[in-house]
Structure formats: C-alpha cells, structure tokens
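Two complexes, one shared chain (chain A), two partners (chain B, chain C).
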Partner chain A sequence: MQSQQPAKNLNSGQSFSWLLVSPTILILAFFLVLPLLTIAIVSFWDYNEWNFFPAFIFDNYVYLLESPVTWATYLKTLKFTVLTWFFCTIIGFTVAFFLAFHVRSLTWQIALFLACTIPFWTSNIIRMISWIPFLGRNGIANSSLISLGVIDEPLEWLLFSDFAVVLAFVHLYTLFMVVPVFNTMMRIDKTLIEAARDAGASGFQILTNIIIPLSRPGLMIGSIFVVTLVMGDFITVRFMSGGQSASVGRVISNEIALLQYPAAAASAVILLITVLIMIAIMLRFVDIRKEL
Partner chain B sequence: MEPRSRSFYALAIFFGLFILFLYGPVITIGILSFQGPRGGLTFPMNGVSVHWFYDLFEKQAVGDIWGSFRRSFVLGLMVMVCTVVFSVMCGLAFRSRFRGSGLLFYLIITSLIIPSILISLGVGLIFNILDWEVHWSTSGMGSQLTWTLPFGILIMFAVFNRFDKSYEEAARDLGASWWQTIRFVVLPIIAPSLIGVALFGFTLSYDEFARTLLTSGSKNTLPLEIFGMTTNVTTPVLYALGTLTTVFSLIIILGFLLIAYLLRRRQERHGSDAGSGLV
Partner chain C sequence: MNAPDKYLELINLTKKYGEVTAVDGISLTTGATQYVCILGPSGCGKSSLLRMIAGHEVVTSGDIVLEQNNITDLAPADRGSAMMFQSYALFPHLSVRDNVAFPLKMRGVEKSKRHGVAEQFLERVQLDILADRLPSQLSGGQQQRVALARAMITNPQIMLLDEPLSALDPFLRGKIRSELKALQRALAIPFIHVTHTQDEALALADLIVVMNDGHIEQAGPALEVYNTPRTEFVARFLGGHNIVEAEKGKVSIRSDRIKIGSKKTKNSLNATVSEIEYQGSKIVLLARSERDLEISAEIPDSDFFQNPIEVGESVLLSWKADDAHLLAG
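This part shows the complex of A and B:
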C-alpha cells in the first residue's frame, strides 16, 4: 500500500516522524553522544594538580595500559562480572521458569512477577545498606551460625568483602535477568511442550531441548544488562567492600575525585571499548528488535 | 487439571527463598529503625522507640534531608512527564520506518546499557569546559533522561507492537483527524501502559545515583544525600531514613499499579460498546 502513495506524502510522513522523535534525539545528542565525544577528546588532554587543558598527548593511555594496577583491576572487575552473571543467570532462569511454566493462573503470574519487580523501583543504595544488619560482625548471619554451633568465631569476610560485593550485585541485578527471560518464555508455544511430552520426552529433556534454546534471546538480553551494569559499577563495589576492593568504575570515580579528568576520560574510553566488545559478542546471538 | 509435579514444589520453595532474599534485608532495616535510643546498627533490639525517626525531623547534623527530598521529588516529576511524553512520541514515530530510525534505535539501546559513570563524567566535563554551572534541574535532569527514556521508549515499542491498528483505521474512516485519532482512540487504549511508563520515569529518577553524581551541582538529591550519610552516620537514623523513603517508594509504586489496574478494569467494563450506537 505504502508504495502507491505519492512521493510527496511519504516525505511529509518522514519529516513528521522526525518531528516526533526530535526531543529524544536532542536529549540523546546532548547528554549521550556529545558527552562520549567529549570524553574521547579530553582523554588526549593534559592536566596538572588543579587544572586540565587542551593538548594532544597519549600519556594518559600509555600510563594506563602500562600500569599493572590497571590489569589487576580489570581482572578483578571481570571476576565480579563472571560470578555475578553466573548466579544471576542460574537464579533468574529458575525464577522465570517457575513463573512461566509452573504458575497456572495469569493473575498469580502477574502478582508474583510484580513481587519480583517492585524492589527494582526502590533505592539501590538503601538495598545495599540493608545488608549491614544481616552480614555485620554481630549480624544475623553470624549470630545464627554461632547459635547453631557451625562456627565459634564470627566470620569476618561476610561484610566488606568480595563476597558481599557479589551478593549485593546478585541481589540488585537478578531482576534484569528474570524479566527478559520470563518475557521470552511466555512466548514459547505450549503445544511444543505437549508434543514433546507425547513423544516421550522427560521433563529434563524438555528443559534442555526446548525451553533453554528458545529462552536464549532473553538470556542474552539479561546477560547484556548484568554484564554492563557490573562492569561500569563503582558504588556497589565501594560500599560493599568497605573501600577495600578495586573495580574499573571505582578507578574512574577516584580519578574524578582527584580532578584528574583526562586520566579518568582515558580510563572511561578503555572501559567503553571493553564493554562494547563484550556486548558485540553477546549480540551475535540475539536480535533485540524482535524481542519487544 | 493434572496434579502438581514434585518439581513444582521444589521450584516453589526456590521462588519463596528468592522473594525472601529480595525483601528480607529491607524488612530487617525496617525493624531495626525502631531501635531504642541506645540501640546500634545490628540486633539485638535495645528497646523499641521512634527515637530515630524523631531525629530525622530535628534540624541537626544529619544534613539537608528534607531539602534533598524536595529536590528529588520535583526532579522525579519533571523526569516522569518528559519520559511519558517523549516516549509516546517516539513510539508513534517508530511504527513506520523513517530515515535514521535504525541508528536512533541503536542510540536508545546504547543509552540504556552504557556505564552510568560515563554519562556522569561526560556531562560534567561539557559543563566544566563551557563554564556552565551544573544543576540538578538542567544537567541532572538530562543525565537522568538518558536512563529513563530508553525504558519508556522500549515499553512503548512493546505496546505498539501489540496495538490493533484497525481501531485507528476505523477512526480515520469516520473522518477523525490525526490528532483526534491519537487523543480519543490511541491514548485511551494505551493509558494503562502510560501509567507504567510514568512509574519507571518517576522511580528511576527518584533513586538515580550514578548518573546524577557529577551532574547535580552543589545541592544533593536524596540518593546522593543518603550515600553521603553512609560514610559518617553510624546510628540507626540511617535505617530510619531508609525505611521512610522505601515506604514512600512503595506507596508511589502501589499507587501507580492501582491506577493502572483501575484503568484496565474500566476499559474492560466500557470496552465493548459494539452495536450500541446502532438504532
């Protein structure tokens, strides 16, 4: 039909579409594209203790890439990312699987799904703080373990440790896995499962041969969220490790605090490239536009 | 119905534990915020009181909590309105392909998954270089929109993918203008989803931290204020504040969900008036 419309009409349709998206374009241009370009440019600038100024030097990158601290930090951040991703995937998949295939009424599905999503709309900072009474030296975890006789001394590594960081990440971000996986699972044709069962497949075979392959787009979208959120994080690592653990995001935020903007910009560029490579790999497995 | 399998019960227990994992810690600080005046940050409870809530309302060393709450609330409303309006416009435009739509789509996705600290740093740098003053209502709001808008737009994409275009065609056949079709046909149908977009817009802005860090200026928003408190406040007053703002968030969330539910109910009741106009 559209091809039969006169060209003029089509053109005005085009410009009308542009009018409709113009606010979004303006916001993204000024608060996304321009900031990224600025970061890229400033990463070649020079700085001293109290100021930064235009230049074209590679020192920021050379210093960054030659420092063993950078590599150690990336290794640490990757460790957090892989651990968080692993637990978010296992837990998120199981929760979505339960909601999609074992809860039978739609009302209950919506209610339980909302129960999972409501924390997402509350403050992350408070959700982090709320682990203190649980994990602290005299916290619930330690005192229960002592009264159960499992341990004699309170465990020191519960709060302000890498364990606490990963726990908080999983607590904050599992939701980003549950939602897309649930979404793709709800689209799986139930007759496929019946057919498989009629053909004699066991529950486990149905899971591995039908549900997991068909949930892959959701798993990929969830993974992209979890990976980028953890890779760029600076606040969870700082708070939950008690300032003891490093991460790429923390390095950037420390450089910002020291007003070393060009150094921070160079770190940010490297972080962005790393994240983009990781996303590009994951995007090979999914077409996001089909999933909405 | 066939009987529940054994795996159902195992999964149900797993799900229950997950919910406990999600809500348990927050409930704990809810309880601990009622610590007695001499109680600490962990159990046991040292008496029960509202001492720490009372502390919050006293003007004292805790900082400018009420000012930052007011700012966060106003900012949340501003971001919410922009998110709803711009998302709907985007959703309408994206129903047909236009030049650059593919690029814009990837820009929207980028905005969603880019590490927040890059937005914070980049916007901070621009304002620094141009010698403009960062302020929560300008640079802060723009930075937050890079986080809330993609959510709103993706929700609108999902909504319009499921939208039955025959309603619009019917309206147009009856002589409605473009604006009349949107105003009297499309918007009422998608209204419950708009409430959802508004919920995202407000709550994500109200709780945003990373993208506001370098872009809000000298006056803190509430999450920044709370984070500042974590480094120097070591009394349950922190929990009291956490409890209050979580309760506030819950009221907002449940309010929005209730409105969306009522709208949908109304639609169902008034939905089909097919034939009633025929005499």
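This part shows the complex of A and C:
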C-alpha cells in the first residue's frame, strides 16, 4: 500500500505534465507535422496536365534527381546561399561588434539597434523593388558613376543579375545575423576583455581569441537563419534577376503554378532534407557541449 | 632585501569622470615587498585607483612610477603589473591550462612550451590535475587560484588584486587570505589589494591605505592605523572604536580598552546598557550615555561572567588617558 502511493502520485504528476504541454503539442501537430506529412504523402502521388491523384510512385523523385536542371538549380541556389551568408556574416558581425563594444551607453545601443530594424517597417517586396531605380540602367548608381567619370557607359550587371540577387539578399537578411550575434556579444563579460588586455593581447588578438569564439553561438544561429531563408527564397531571385536566374524555390513555385503539386511536393521534400543536412553540418562546427 | 623603499610611487594622481572626481590627487609611496591594502567603502575611488595603476583607466592627471619608470601612459601589459579581477575574468571557452597559458600565447610562445610553463604554475596552486577542465567546472576557490596562476605566469613586478575574496564564502575567504599572504611572501613583490572588509585589511596588510571620497584618510602600518586612527571616518570605518567628545575635541578609544569602573574620573562616563552580545571569547556591551552617545565595550568573557550585567542597568565606563587618541578635524 505504502509503496503504491508514490507511484500513483507520480502517475498523476505525469498526466498533469502531459496536460500542460498538450496545447503546444496540438499546435505543432496541426500546423507543422500535419502539413509536412501531407506534402510527404502528396510527393508520391501521380499527376497529369490537369489533375493529380493518389498513388504510390517514385517517378517524381526519379525525374527530379535525374534532371540536370535540378542539379544546376541547386548549385545556383547554393552559390547564392554561400555568397549571401559570407557577406551577411562579415557585415552582421561588424555591426554587432560596433554596437556591443564601441557604443558605450545602453541608451545609444538600444537606439542604434532599433535604427537597424527601421527597414523592417516596410515589406520585403517594397525593399526589393526600391533597388530597381537605384541599380537600373539609368538609375542613381549608374548616373552618379558616369557623372563622376568613373565609367563611360552604364554598368549592365548592376540590375537583373546574380550581383543584384546577392545584394538584395544581403540587404534583406543581414539583420538576422546582427540580432543573434549582438545578443551573444552583449553577454560577454567586459572584464574578460580587460583581462585579455592585461595579459598583453592586442586588439586583433582580443577579437580572434576572445570575441569571435564567444560569439560563435550567435554566429551559428544567424547562419541558420540566413541559410534557411536564402535556400527557400523564390521571390527575391525572380525580381532581382529579372527572371534570368533559377533557384530551388522558384522551381517549386513554377510547379505549383502549373498545378503539378506532386512534383512540387517532391521538390519541397528534397529541399527540406537538404536544408536539414546543412543545418546539421553547421551545428557540427559548434561544440554544443562547450557553448552551454 | 635592499630594494629601494620607493618601489611604487603615486604622485598627485587624479581621475575624473566628467564632473565627478573619483580619485582626488592621491600621493602614496610603497615599499618593494609590501602587502598594501586599499580599504574604503564602495564608491570611495579605491577601484578606480587600482585600475589606473593597472592601466585599465586613463589617468586624468598625475603620475605613476614603478621602479623608477614612469608607467602612467603605458599599455597594461607593458607595465610589469598583473591584475586579478573581482570576478576572476577567466575565459569561459578555454581550458584551465589555456587560461593560464593565455598571456604567453599573446607573447607568441609556442604551444608545447607555454603549456609546460602553465602546468608548472598550476602545480604551484595545486590545480595541475584539473588542467583540462573548463572554468565553469571549478569551484569558486579553484577559479580564484587559476586566476592567480594566470596573473603570476608573466612574472609581474607588482600584483594588483581587486576585491579578490569578496566572491568567496567566509570559510574559504580565511583560507585563501592566508594563501595570498604566503604567496606574496614567496614572490617577494608588492601586492596592492583593494577591499572594503576591515579584518581582511588588518590581517594582510603591511601598509593600510584608508580611502574616502577620492582621497586618503590615513596610510600607515596596520597596527598604527588601528591604534591611532587619524580621523573620525577611519575610526568608524575600522569599527571597534568609540568616538567621545573630550575637552580638546573628539577622541577615539578602542572598544576593548573600555572598562567597567567604579570611580568617576575625567575619563569615564555614565551609560545605560542597551544590548549585550555574546561573541565567544568576548562580550560586546552596547550602552547609551547620558548625552545619548552610543558606546561599545568589549569585555573578556571571564571578566564579564565574574560580574554579570543586565540590559537596562546603569554602568560607569572608564578608560585610561593614554588610550584616548585625539582625532583630526
């Protein structure tokens, strides 16, 4: 009798815990697991020009993986991702570093940090489109360069090019790097920097030995944001490349437009797996045990 | 040791933060192997003073001379000083070994060599077996010793300690305190130790510097400062002193020099006992005089229990004329 009592308590405690987490479970199940399952299931269905119907075929995957277009598209998307990640990291780290270590007062830190978010008061598309009059053939960039005498005729590659795509990506997503890096940097104890200086470290040695290693969790979180956002993007690539560049997201969006839902679903599943693998690799670079 | 007795010299050192003066024209000379405690309440400028000596704070005016070199404007690492921080400031992402070896790494010493030296210093603080741990896996006392080893590895000419014991529990504090003193004796270099704890300063210091409001209230050997506090502030801050109005002005009398007397003299007063505290080897008697002055008297327990006194009782408290010291100001 006595030994059963605690067991019973434990049981009711457990069911109470399940009750507490059930809203989260329900929301995740309904809005995350269910849609993903649906996509996974539909990716095995069959389709023709006007209809798609239940089946269990691997044709969608076989066609996708055998098509050289897929591989070229992935290569292109990866190129965008790597370039965007590189520039976002450099700029994001620099901005966060300036905010965290060179701006002395908290008021100014908050003010400047909020200033970084001002572009987010407008939508992605407006921010993207606003590049067009700037970068266009007769845009501000070209006309000022010509009037300065740097170039004789407009640069063609400024707009509707890979350059424009990466530029827009960096513009859109750098803040996603700034925020987590700034956050980890703010948690670095300032006396560590004094201790390093006391130990004879130069400014550059403090950066490489103290600040970068201690900012790694933030850098990694920012990288995950940037990589997943760029890998899944379709609208930026379409607008800024003028329809001349492909990306995995654009392929999926085209397939949906053509009502080829099973093919789009298969592409989505492959994209999801690719992104998950990339994140897994990135997490490998940070020793989680050390960072906790 | 025939080192020059002017080892560290502070000349009219001043630190201003905007309009606020944190350190106000301090001049001080310390010997070559002295343990110096800078004692004062928080906000008295003692930390700013230490940080100026360490080079982490820009000097507003004045000079710092260490072994005849003017180090006022040198970078922290070029001064020959090493600082131990209040929170220890160990690098959380580096192992204990790499933490201790860090100053050598910054000087470009190659890995195997600097690790070897680091292990020697870790052995010295009995932490060589924990060399692979991260700081977060150590106790407070162990972290403190790692910080000490890291500070020692550059063979500094002077060690600067910013409240090194304040993060430890009382038991460990006493233990590390004696370790610090032994270490200073072994290294034979001056330690400048900032603290707000009186007994820490009394226990450690060859030279106590009591600071208040940016200036030095009194500097001298521990015995001198405790026996003859120069100002009312010093007497009150050290504790264990009574301030009594005498003919010539205020005098201080150590609590343990006050006796319960029977004969009314010039050096006595009537008071009512308001509190009796038992503290093991002694009894602390708090009493209020007729002029509403609070007096404390420390009485050895054997004396007290021969003639026990109750709260509310009237007593005559007296002292020897020699034990009353005239205060300045």
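Just so we're on the same page, the second predicted complex is superposed on the first by the 255 of 292 C-alpha atoms of A that agree within 3 Å, B and C clash if a C-alpha of one lies under 4 Å from a C-alpha of the other, contacts with A are read in each partner's own complex, and residues count from 1 in each chain.
Keep this in mind: a residue touches a chain if its C-beta (ideal position, glycine included) is under 8 Å from a C-beta of that chain, and two chains touch if they have at least 3 such contacts.
Just so you know, these numbers come straight off a predicted model, no measurement behind them.
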item	value
Clash-or-fit label for the pair chain B, chain C on chain A	fit
Apex chain A: angle to the C-alpha centres of chain B and chain C, given in degrees as a multiple of 10	80
Touched partner set for A:150, first chain B, second chain C, both or neither	neither
Contacts of A:213 with chain B and chain C, given as first, second, both or neither	second
Chain B versus chain C as contact partner of A:205, first or second or both or neither	second
Dominant toucher of chain A (residue count), chain B or chain C	B
Partner chain in contact with A:115 - chain B first, chain C second, else both or neither	first
Which of chain B and chain C A:252 touches, first, second, both or neither	first
Chain B versus chain C as contact partner of A:196, first or second or both or neither	second
Contacts of A:280 with chain B and chain C, given as first, second, both or neither	neither
Shortest CA-CA distance in Å separating chain B from chain C in the superposed model	5
Where chain A meets both chain C and chain B, residue numbers	none
Interface residues, chain A side, partner chain B - complex	2, 13-14, 16-18, 20-21, 23-25, 27-28, 30-36, 38-39, 42, 91, 94-95, 97-99, 102, 104, 112, 114-116, 118-119, 121-127, 129-134, 136, 138-140, 143, 171, 174, 203, 224-225, 228, 231-235, 239, 249, 252-253, 256, 261, 264-265, 268, 271-272, 275, 279, 288-289, 292
Contact footprint of chain A on chain B as seen in their complex	1, 5, 7-8, 11-12, 14-15, 18-19, 21-26, 28-29, 32, 41-43, 82, 85-86, 89-90, 92-94, 96, 98-101, 104-105, 107-111, 113-119, 121-126, 128-129, 142-143, 145-146, 149, 153-154, 157-158, 161, 199-200, 203-204, 206-207, 209-210, 213-214, 223, 226-227, 230, 238-239, 242, 245-246, 249-250, 252-253, 257
Touching residues (chain side chain C, partner chain A) in the complex	54-56, 75-77, 82-83, 85-87, 89-93, 102-103, 105-107, 134, 150, 154
Chain A - residues contacting chain C, complex	189, 191-192, 194-202, 205, 209-210, 213-214, 290
